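In what follows, structures are represented as structure tokens.
Both complexes below contain subunit A, partnered by subunit B and then by subunit C.
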Partner chain A sequence: MQLEQALPELLIKIADDELIIGHRNSEWTGLGPVMEEDIAFSSMAQDKIGHAWALYRILQEHFNGSDPDQFAFMREAADFKCCHLTEMPISSYDFSLMRHFLFDHAETVRYQSFSQSSFTPLQQLAAKIKGELKYHTLHADAWILQLCTAGAESRGRMQQALDNCFQLAGGIFEPGEAETLLIDEKVYPGEAALYQQWLNNISPVIEKAGLTIPAMTAPVYGGRKGQHTEHLQQLLNEMGEVFRLDPEATW
Partner chain B sequence: MYGGGYIYDDSGRSRQQEEQLQDDPVKLAAFEARIAGGEKIEPGDWMPAEYRRQLIRLIEQHAHSEIIGALPEGTWITRAPGFKRKLALIAKVQDEIGHGQLLYNAAETLGKSREAMINDLLSGKSKYSNVFNYPAETWADVTVIGFLIDAAAIVNQVANAKGSYGPYCRALERICYEESFHLKQGHDAFIELATGTPAQKAMLQDALNRWWQPIMHFFGPPDKVSAHSEKLMQWKVKMASNDDMRNQFLEAYVPKIWELGLTLPDPLLKKNADTGKWEFSDPDWDLFFEVIKGNGPCNKERLNVRKWAEEHGRWIRKALMREEERERTALPVA
Partner chain C sequence: MNESLDPRVNRLRLNNSDGSFSIEEGENWNVFEVFHQEKRGAHHEHVGCVHAPDANLALIFAKEQFGRRKKCVNLWVVRSADILAFDLEDEDMFANNPDKTYRDASGFKVMEKINKFKAQSK
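The block that comes next holds the complex of A and B.
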């Protein structure tokens, strides 16, 4: 595989992750446990969706990609490369918070590595996004610690959420087909290296919260190959409901 | 958004007069003189019991209207067509929740807690703007809400921002600033449909037909039947009459709607050249009161969503409160 194919593969999976988790986070608008959390999840949703948009624009400009709206709103599930963690329904706040914690730490590690990428458009975007992600992880860490130190019920819930999310989070780091090439070309250091750094970063927070990290026995892979849960197609049907009424129209 | 002009009050005049009699006449006269002189009343200041009661109800209903008002549009966040609309709608609905937060804070300065206000909302004791008890059926509904209902709310809120209670006025100043952006995004999305494909135009016309009556209801019943406005206007709790606000809205927006080639479902709607006032068919006020009583198309659905949020969020709010237990819990050494 050439770099011209390997780079879009990387960009698409990252952008799809961000679009789908952003969409999920936006579902909390109006439903949060306290108004302040409604607002926080809405903000993060806007950031994530904005990142996806920016990445799709890089694809459009540098790799002859489609219009970002068409690309995001018209593809079917099998053409999406997001990991399963992002596509799960919002469920309850404990699940959504834990997903946000695990995902945003992974994003932070990823964009830190992108900020040194040999691919300039990605390197420039990463420099901007890194700053936003700092607040996302600060938010996640603060809430995890707060809830895990407020008695048995809430800590029990957060442990359960960690157990439910952890193998799914492993799927963020599913190896890509052309990874060696991307590593050799210094686009980024590859999924295994990011995974290790992620584990190093989340472990102190999890320990401080009094939670136990389950063993990463079977990370949930498949998303990067277009294999998904039924939740993704449902989400896409909803997301495209209006846009697909007339894809040629402007909305 | 969205304080409507109408302040729901089920307590009747007798209680109001009874409380009024208990106020010290000297203090009352000084209070009224301050308001007449354009001063703002602040939380620690003396105020008549009825002033406090009316303000709590006004600000509380306004706050509820913001968080319930987030729901009809909120259901379209996941379906907004294209990145631009999706991001704008999330940001807009997020602002509305933020307005709710500001307003609950303003109402709390009068002595009622956010929890008590939310409980009264969920029990049905406390009301919110009727307009949110109607369904947002299509994407065009979102543009009608974002353009016209935000516009109507601005008419009311700009007036109220000149009122007498300091914390409410300051909250409204910030809210109005953000609302003017909402109006722009609503107008932009509305124009896009009005100038779009035949299907888009038809969708918009249909939405306009369904929303027109709720919009006419928005400012409340005509002045001739609206109860006890006089004292509230003297105290600068209510700053403009229902009829005046409705007329101001019609004057500003009906021509804009007509210019786009759209129609409004009222054959009598026209501006009287002699009086300069707008004339229109009386909307169904019986229906208005039925919806207030809880019998509108979406009252139950809206409150059920809020109940879901309250019930599912309870363990989290409980966890936030348990400072004492947190201190006692031995943390494992990191």
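The block that comes next holds the complex of A and C.
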């Protein structure tokens, strides 16, 4: 595989993760546990969708890709490369918060590696969103610590949420086909390296929260190959409902 | 107990020095006043409040509540219950201020001199 195919493959999977988790988290808008948190969580969901848009723009500008809106709203589920973690329904707030914690630390590690990427557009994007990601992980860490020190029931539910999310989170790091090429070309250090760094970053928080980190026995792969749960199609139907009424409309 | 109309704020009772009002840690979420700084070196200005279980989360909430639009470089949060204010009925301490115009900074007409100097040095 050439770099001209390998790079878009990398961009699409990251962008799809961002779009789908952004949409999922936005489902909490108006339903958040308190008003302040509702606004914070909704803002961060917007940020994720912004990151997806920026990556789709890179695809459009550098790889002759389609218009970001068309690309986001008109594809079928099998053409999406998001991991299963992002497409799962929001469930209860403990699940959504734990997903936010695990995903955003992974995202941070990924963009930190992009800040040294040989592919300049990724390097620029990493610099631009550095502050946003700093806030996202600050928010996630604070909530994890808050809820894990708020009594036995609360901590029990957070442990359950971690157990439910952990193998799914392993799917973020499903290796791609052109991994070696991307590593050799210094685009990024590859999924295995990112996974290790992610584990190093989340472990102290999880430990401080008094939770037990499960073993990564069966990471949920398949998303990067276009294999998804039934939840993704439902999400796409809802997300693109208005857009598909008139795909050529200008907003 | 605090008899203030605004239960978030302690007010100094000039002729009554009973113990002040307090909220026990963790008893309930506290209200925090938020101060916004537009650029480095500028004053932090009061913009509103958030409620949160502790100062950390208050700051995190304040960031999206009051720092998500336009320019902002920093925020402060202060537990509302830690603010000491005058009682409403003691407003009369300030009543004669409008008469004391000799204290107004507008009495110093330096801008004219500065402008004159600038014009001369051109």
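Throughout what follows, the second predicted complex is superposed on the first by the 250 of 251 C-alpha atoms of A that agree within 3 Å, B and C clash if a C-alpha of one lies under 4 Å from a C-alpha of the other, contacts with A are read in each partner's own complex, and residues count from 1 in each chain.
Just so we're on the same page, a contact is a pair of C-beta atoms (placed from the backbone, for glycine too) under 8 Å apart; a residue touches a chain by one contact, two chains touch by 3 or more.
If you're wondering where the values come from, they're calculated on a predicted model, not measured in any experiment.
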Identify the partner contact of A:Trp251: answer first if only subunit B is touched, second if only subunit C is, both if each is, neither if none is.
first
Applying the document's definition of touch, where does A:Tyr93 land relative to subunit B and subunit C: first, second, both, or neither?
first
First (subunit B), second (subunit C), both or neither: which does A:Lys208 touch?
first
After the superposition on A, what does A:Ile39 contact: first (subunit B), second (subunit C), both or neither?
both
Subunit B or subunit C: which reaches more residues on subunit A?
B
So in the superposed three-chain picture, is A:Leu138 touching just subunit B, just subunit C, both, or none of them (first/second/both/neither)?
second
First, second, both or neither for A:Ala72, with subunit B first and subunit C second
first
Contacts for A:Ile14 in the overlay, against subunit B (first) and subunit C (second): which applies, first, second, both or neither?
neither
Just subunit B (first), just subunit C (second), both, or neither: which does A:Gln146 touch?
both
Touching both subunit B and subunit C, residues of subunit A
34, 36-37, 39, 43, 146
State the interface residues of subunit A toward subunit C in the complex, per the touch definition above.
34, 36-37, 39-40, 43-44, 135, 138-139, 142-143, 146
Residues of subunit A touching subunit B in their complex?
23, 26-27, 29-39, 42-43, 45-46, 49-50, 53, 68-69, 72-73, 92-93, 146-147, 149-151, 153-154, 157, 204, 207-208, 210, 235, 238-239, 241-243, 245-246, 249-251
Residue numbers of subunit B touching subunit A in their complex, please.
67, 70-71, 74, 77-83, 85-87, 90-91, 93-94, 97-98, 100-101, 104, 139, 189, 192-193, 196-197, 199-200, 305, 308-309, 312-320, 322, 325-326, 329, 331-332, 334
For subunit C, which residues are in contact with subunit A within the complex?
29, 50-54, 56-57, 60-61, 63-65, 68
